[in-house]
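Please find the structures below.
Here subunit A shows up in two complexes: once beside subunit B, once beside subunit C.
Right, the complex of A and B next:
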C-alpha cells in the first residue's frame, strides 16, 4: 500500500528543503522563545503551559508546503508516474511522510515545552497529561496530513493550503455568526463537521478515558481520515499527468 | 464507466475502501448508541481527593482550590460544562491550583461527611457553586459565591482571559 523508498525520500526531503524545514522549526523556536521571554519579563511569575494539541495546527500546515501539488508544479509527477507505481501508493506514501514529519516537530515542541516547564516551576505536568497531549498531537498531524494531501491531489503549488485556510476561515468566522440566528442553527452542525475534516484529532480524555468509551469520537476520527485519503486517491486516479500539464 | 483492471496503477486500494465503508457504518451505529448513552469525558480538571490536598499543596507550592457544589444545583452543572469541560480553563486550573471538589449531601443524606462540613463552615459557604482559594500556609486568599459566567470565573481564578 505504501512505498518505503518513496516514504523515506519524502521524509528526508522535508528536512533538506528550506520551505518545509523553516516553518515548523520557526514555530517551535518562536513558541519557546516567547515562553522564555514571558518567564523572564514577569520574573518567573507567568509560568509556561503545555499547548493543547489543536493549538499546534501550524506545524502540519508548515510541513504541508511540500506536497503533491508542489511535485506537479516542479514537473516531478510525470517522472514519478512513469515508474510501475500505483497512484494510491504515491498518495499514501505522501500522507505517511507528511504525518511523520509533522508528528516529529509536534513531539519535539512538546518535549522542549515540558522541559521548560519542569525547569521553570517546582513541579511539572503529570506524565499522563503529557502522554495524552502527545497522542492528541500525533493524531492531529496524521489527520491534517490526510486532509492536506487530499486537497493537493488536485490543486497546484500551495493551493491546498489556501483552500484549507479559506475553509478554516469559514468554519471559525462565518458559520458561528450564522449559527446565532435561530433559523440557521444547522450552521453550527456544519461547522462541527467541517472542523472535524480540517483538524481531525483524537482527544483521549473525551474518547478512551470517557465513561463509557466514546466510540463515536473514535470512529469519526478514523472515518474522516480514511475518507479524505480515499477521496484524494480517487481524484488523483482521474488526474491526467503529462509533461505538458501542471 | 470503464472498468479499471485491479492490477492497474489507478486501482483504488480495496483494503482502504472496505475500511472506509466499515468505519462509516460503525460511525452511524455509534452515533445512534451515544444518542441514548451519552459519553461523559474524563474530567479535564485533575481533581484531588480531600485527604491528599494539603500534602500536595505543600509539596507543589500551589494553593488549594476548594469547589463546593451540590447535585441539585443547576448553575453548578452549567458552570462545569462551560468551565471545567473547557480545555483552556481546565489547563489553567491544573497548572495553578490543587483542585478539590466537594459535594454538599445534606439534601440527599441529611448530613455531610465531617471533613466536608468543617470546610463549609470554615469558609461560610451558604450557596452553590462556591470557591475558596487557600494558600500553602493554610490562610484563605479568596472566596467567591455564584457562577457569573466563564470570563468572570477565569478572572477570579487569575487565569488570563482572551480579552487580556
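Right, the complex of A and C next:
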C-alpha cells in the first residue's frame, strides 16, 4: 500500500526544501509572535486562546507546495515509475508524507500555543481539550493532503494549489451569496459539500460528545478522504508520464 | 490485437516464477504499435520490433521520429493506442518487469539536495534490494560507472552534465536489471567517459543483459550494438545487423595514405581504379578514398597503385558503416 523509502524521502525532502520548510515555519513563528505580542501589549490581560483546528489550514497548503505535480514538472516521474512500485503506492506514499509533515507543524504549533497559555494563565486548557484539538488538526492535515494530492495527480507544478484556491474562493465568496436567493438554496448545500472536500476535518468533540455518537460526521470525513484518494489513484493510473508526451 | 488504455496502470504482482531472459526467452516484442498524442499528431505507426534477449539494440533516427515515445511504450510509461508491447513475455508495466528493468532517461533529474550516494541509496531501496547490502552495492555501482570518489558525497545540484549522466547510469544499473534502456547515454560525457561507458556496456552485455540504446551517436552505436533500427516518421524503416557481413559491409571505402608527395595525376588514378574495379571517391586532404568491392578488390587496387608509383604508406577500411546506413535511409544527418 505504501512505499517506506518513498515516504521517508518525501518527509525528509519537505524539511530540506526552502519552499516547503519556510511557509509552515513562518506560520508557526508569526502566530506565536503575535500571541506573545498581544500578551505584552495588554499586560497579560488578554490571554491567548487555542486556535481551532480549521484555522491552521495554511499549514497543509504550505507543505503541499511539494507534491506529485512538482515531481512531474521536475522530471522525476519517469525514473520513479520504472521502479517496482505501483502507481497507487506512489500516490498513497505522497499523501502519507504530506499529511505527516503538515501534522507535525500543526502539532508543533499547538504545543507552543499550549505552552504559552499555561505560562501566561494560572489555569491552562484541559488536557482533553488539547487532545481533541490535536486530533482535529491531524484529521484536517490528512484530509487536506488527500485533496491536494488528488488535484496534483493531473495538474503540473503548483496547479493543485491554484485549483484549491479557486474552489475555496467559490465556496467562501460566491456560493453564500447565491444561497441567499430562495430559488438557489442548493448553493449552500453545494458549499457545505465543497468545504467538506477542500477542508475535511473530524471534529472529535462534536462527533463523540453527541448522544448518540454522530456517525454521519465520522463517515462523511472518511468517505471524503477515501474518495479523493481513490480519484487521485484513478487519474494517476491513466496518466502518461514520459517527457515525450508533454 | 488492440489494447486500449488499461483500466489499471499496474498489473497485479508477480507470478511465483521469475522470468529469466536467457537467449531463448522472449526479450522485447513490439507488435503493431500505433501511438498518437492528443493534438492528433501520430508519433508511432504500426511499429514491429523483436529485440532478442541478451542483444544490444540501437535505435537511430532524426529528431521527432518517435524514438523516445517508443521507449515510453516499452517502459510502460505511455499507452499505445493499439498494438502490444511485451518485455520478457509480460506487459511492460508489470511489477515483475520493473524489477528486471533499468532506465536512463535523456533528461535526467534527481531529488534536489541529495548527494550521489543518497540518490543511489534511495533508488536501491525503491528497487527492493536488501538493506544490508546497500552501502557496498551503492559504492560498487558508483565505482563501476567511473564517478570520482571525491564527489560521491557532493550535492548532485553541483554536478556537471557528464557526472549526472554517470550517476544516472549507476541508477539504471541498480537492482541488476536484465533489460537496460538507455536514452542518449553518451550525452555530455567526456571522451574518457565514453570509452569507460563502452567498456561497461561490453561487460553488461557479457552478463546476458538486453541493452536498448536510443542515441544520435552513430559511431558509438556501431561499436556496441548488434543490431540497429532506423526510425523515421514513427516507422521502422530498416534494421541493420551489424554482427553479420552483408553487401554493404563487403563493399567498403578504403582510405590510402602515401609517403612523401603524391605523384600520380587524376587521370592515372582514374585508370588504376577502373582497371581494378574500384571507384575513386572525393579525395581527402592527405588521403585518397576508393570504394572497393571487397577485400580482394582492395588488395588488387593497392598492388596497382604501388605498381603505378604511388608510395603507399598505409591503407585502412573507413569506419562509419552506420553513418552510411543512416545516410542511405534518411539522406540526412542525425
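Throughout what follows, the second predicted complex is superposed on the first by the 244 of 246 C-alpha atoms of A that agree within 3 Å, B and C clash if a C-alpha of one lies under 4 Å from a C-alpha of the other, contacts with A are read in each partner's own complex, and residues count from 1 in each chain.
Note that in this section a contact is a pair of C-beta atoms (placed from the backbone, for glycine too) under 8 Å apart; a residue touches a chain by one contact, two chains touch by 3 or more.
Keep in mind that what you see is a predicted model, and the values were worked out from it rather than measured.
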**Study point:** More subunit A residues in contact - subunit B or subunit C
**Key:** B
Review point. In the superposed arrangement, which partner chain does A:3 touch: subunit B (first), subunit C (second), both, or neither?
Key: second
Check your understanding: Given the touch rule stated above, what does A:13 touch, subunit B (first), subunit C (second), both, or neither?
Key -> second
Check your understanding: After lining up the shared chain so the two structures overlap, which partner does A:220 touch, if you call subunit B first and subunit C second: first, second, both or neither?
Key -> first
**Study point:** First (subunit B), second (subunit C), both or neither touched by A:237
**Key:** both
Check your understanding: Is A:127 touching the first partner subunit B, the second partner subunit C, both, or neither of them?
Key -> neither
Practice item. Classify the contacts of A:85 with the two partner chains as first (subunit B alone), second (subunit C alone), both, or neither. Key: both
Check your understanding: After superposition on the shared chain, which partner residues are touched by A:52: those of subunit B (first), subunit C (second), both, or neither?
Key -> first
**Study point:** Partner chain in contact with A:76 - subunit B first, subunit C second, else both or neither
**Key:** second
Study note, to complete from the structure: Dual-contact residues of subunit A (subunit B, subunit C) 81, 84-88, 237-238
Revision key, fill the gap. Within their complex, subunit B touches subunit A through residues 4, 9-13, 15-17, 19-20, 23-24, 26-27, 30-31, 33-34, 37, 39-42, 44, 46, 59-62, 87-88, 91-92, 94-95
Study note, to complete from the structure: Per the touch rule, the subunit A residues reaching subunit B in their complex are 1, 47, 49-50, 52, 81, 84-88, 92, 122-123, 125-126, 129, 203, 205-206, 209-220, 222-223, 226-227, 229-230, 233-234, 237-238
Review point. Where on subunit C is subunit A touching in the complex?
Key: 5-10, 37, 43, 68-69, 71-72, 75-79, 95-96, 98-99, 101-103, 105-113, 122-123, 125-128, 171, 181
Check your understanding: Tell me, which parts of subunit A touch subunit C in their complex?
Key -> 3-6, 9, 13, 16-17, 74-76, 78-88, 236-245
